[in-house]
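Two complexes follow with subunit A in common, the first pairing it with subunit B and the second with subunit C.
After this line comes the complex of A and B, so read on.
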């Protein structure tokens, strides 16, 4: 094993790691927001809210991520291109690129899983808390934001962190739409330096560890803080 | 009681059926993992009086196992669109022709392109033949055959893109300032990265795709050009070969650049390589001289005058 290739490869690997961070930092909050909306819709008493939420969650969770990213990148792109051509307007397809489609695909895919995490979190709060809140005169909105959500959040942090760490690695799939992130950089380098790829694999693994471990430690610290505050 | 017996019997049968499915699936997975489960045709019927090439360097006597990636592998090695159980491609036909000379079977071993070198060095295959280039890094661990195809990198642009009107590219600098697509790990990507490393006034914005090359991105103006191996350009843009659909919105810009050759790669550290390599070279010599390679390249619209420089004749 010749580790002398590492200084040569490091700048591109760091650039790939930065792009991985960008994909996750932008996609995960979107996934959480969309997941929260879906969870609230899913627990609504109105069927016209509950139904679409459940269908969305089941379809997204049951279909391969790569199929979803292809649909967004190629399908949406083709639709926008044809519409632009039809109306003679500026080409909208250019806005569907490795970044926008990759972020959208990650956010849409993970929102389905986060919706279920939210739902489990809400259900884990004792029903008596809600009954007590209503008996004290709080309305539904006040009960949710002041009683249920604060108690549910510490319970949801571990699965959220789990999913964020998964997303760090799942972001590799954007390479199929020319997205450049850490695994794509590794792939290119190991094809070019196939005689001794082990140092490159080790470099990529170290970088992924450096991305994941601080996330885990920060999340545990934050969870402890939240529990103490409650 | 009768209902309980019926239920038990049903559960028993269901369990037996499930077990059969699990065993069958395991056997199929095992066969698939062994590779070569997709037929590449080929035969061993020798023509009377024809030259025979030795095959003493094979791992499995009588069976030439060559590594290639048929996923998105057109026109090299890919599944026949009309019958996905069969593989087609100009390299498939070369392998079949070689096997006929050697009076052996041949089998493509499916390996992801990025893993081909590791498969070769791990002695999972006798050789690699998949648009394989000789690079300084590969020369550390591999032996190479004589070249069997001379190719170059081709620029592809939109037919209506006036920025390239009248442009005859002589080198990759013509792509400076543009967004150019190619395949991840392709030599074209290396050439563009090397160009960018010289800090030119206008760098090339390289978009590298893993797996399928999205020529639709060029049609939809998401990239300004593509730069990749001529055989791929010929298949996808000009529509040569089975299942190919020409893309009328695109055209090849000028001739090929950075000409190079395709070789067969062997594991340098394997004692069999030094035996098999001259046997493959002998096969190539015969196929070049008797017009077989010419016929294959003509069929796939890959023939050009460059092939004469590596000894390929019309026979």
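After this line comes the complex of A and C, so read on.
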């Protein structure tokens, strides 16, 4: 094991880590937004809103992320190519690359999980709170935004942070469709130095740990504080 | 908002004209299923040609998942005993194991096992294929072990998957054991049981109940994560076959996309029944005794 390779590899690895952070920072708010829409659709009393949300969540949660990412990458490019062919416009498929398809795949995959978190959060606010709000004359919008949401958000933060860590780790899979993040950098360096790749793996793992451990300690600290407050 | 004091009144009956959309939804579901069936029907030649191979891949995926889960249970159980040990070095080693594994992506770990550890052990002279071959020859005359390339990849794949899931199961088992009230242990002590008897007869049976639902959920994610083995090559499971078939037909974009759809559909057919089973187990064990 020859650790003298690390100073050479470090700048590229750090750049890869930065790209990993960008993937998460862009995808997670999108996943939250989609997840909130799905959760609200799923709690609707109309089947035409509830049904599609349930089907989406079940299908996404029952297929591997790597299959979804290939499907989105090739599906988007095929569909856009067919559309541009049909209308005779410029080829739109050139816009499908590791960044767009990766962010779309992460957001689509995680929205199903965030929807469950939102649903559990809203359900954890007692029914009596809603009843009390209605008895005080609030309407259902006021009840949702002033009573349910402020009580549900603190409960949802620990699972959100956990899902952010999961997303950080799952963003490694974006490397299979030419996303240029930490694992892709690791893979190119591994191929370049095939005889002795162990130091490179250690470097990548340390970088991932530096990203994920503080976040997970924050989640645990916050959860302890929350439990003490309740 | 009139008369919303009680539970039954807060959930109002749907208004008339929006109910029509419910029936529109049913029609749309049937139409979507029909359209999807037609989409698959368009590629019937490829399905006939590749379905047996894909079924074999699905079989290997299930084999990988089950054997990894068995090994991961062992890792997790040892890890949980380590985390709850009174001997500090065991606790620290188990904690480092859990933190490092849960803090790094499984893909990087599989790379590390499939390329790093494999190369390292080959330098030392460790060859799992020869060991398995000799072992199988010891058991029978005509030893059936797949070719070295496939065997080694499957071996390191199973080790990588189970080492990863062992860390998650460590936490599952630890919380399961810790959730048994201390009064149970005290009662058992007062009845004169020793610590091993307490663990085996009092704590573990009660902890087992709590660990079943998360265990089932982790099995589903394990089936899905076994698809990541396609990145280290040589393991002919479902995703690897999907990628191979799709890459071979890359000249025809629609056919290439079809293979990815078909692979995802096969995974769905494996994972969705498991998800229903997990949900049943969750509701079954949420009830009191």
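Here is the rule we go by: the second predicted complex is superposed on the first by the 214 of 230 C-alpha atoms of A that agree within 3 Å, B and C clash if a C-alpha of one lies under 4 Å from a C-alpha of the other, contacts with A are read in each partner's own complex, and residues count from 1 in each chain.
Simple rule for what comes next: a residue touches a chain if its C-beta (ideal position, glycine included) is under 8 Å from a C-beta of that chain, and two chains touch if they have at least 3 such contacts.
A quick note: this is a predicted structure, and the numbers were derived from the prediction, not measured.
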| item | value |
| --- | --- |
| Joint occupancy of subunit A by subunit B and subunit C, clash or fit | clash |
| Subunit B or subunit C, by number of subunit A residues touched | C |
| Partner chain(s) touched by A:78 [first = subunit B, second = subunit C, both, neither] | both |
| Partner chain in contact with A:159 - subunit B first, subunit C second, else both or neither | neither |
| Touched partner set for A:140, first subunit B, second subunit C, both or neither | second |
| Partner chain in contact with A:150 - subunit B first, subunit C second, else both or neither | neither |
| Which superposed partner A:46 touches (first subunit B, second subunit C, both, neither) | second |
| First, second, both or neither for A:208, with subunit B first and subunit C second | second |
| First (subunit B), second (subunit C), both or neither touched by A:94 | first |
| Partner chain in contact with A:197 - subunit B first, subunit C second, else both or neither | both |
| Part of subunit B, among the options 27-35, 153-161, 225-233 or 279-287, whose backbone runs into subunit C after overlay | 27-35 |
| Shared subunit A contacts, counted only where both subunit B and subunit C touch the same residue | 74, 77-78, 81, 175-176, 187, 190, 194-197 |
| Complex contact set, residues of subunit A against subunit C | 45-48, 51-52, 58-59, 61-68, 70-71, 74-75, 77-78, 81-82, 127, 130-131, 134-135, 139-140, 165, 168-173, 175-176, 183, 186-187, 190, 194-198, 201, 204-205, 208-209, 212-213, 216 |
| Of subunit A, residues touching subunit B in the complex | 74, 77-78, 81, 91, 93-94, 96-98, 175-178, 180, 184, 187-188, 190-197 |
| Subunit A contact footprint on subunit B (complex, rising order) | 113-114, 116-118, 121, 135, 137-138, 140-142, 181, 184-185, 189-190, 207-212, 214, 216-217, 219-222 |
| Of subunit C, residues touching subunit A in the complex | 1, 4-7, 10-12, 14, 18-19, 21-22, 24-26, 29, 99-100, 102-109, 111-112, 115-117, 119-120, 220, 223-225, 227-228, 230-231, 239, 242-243, 246, 253-254, 256-257, 260-261, 263-264, 267-268, 271-272, 275 |
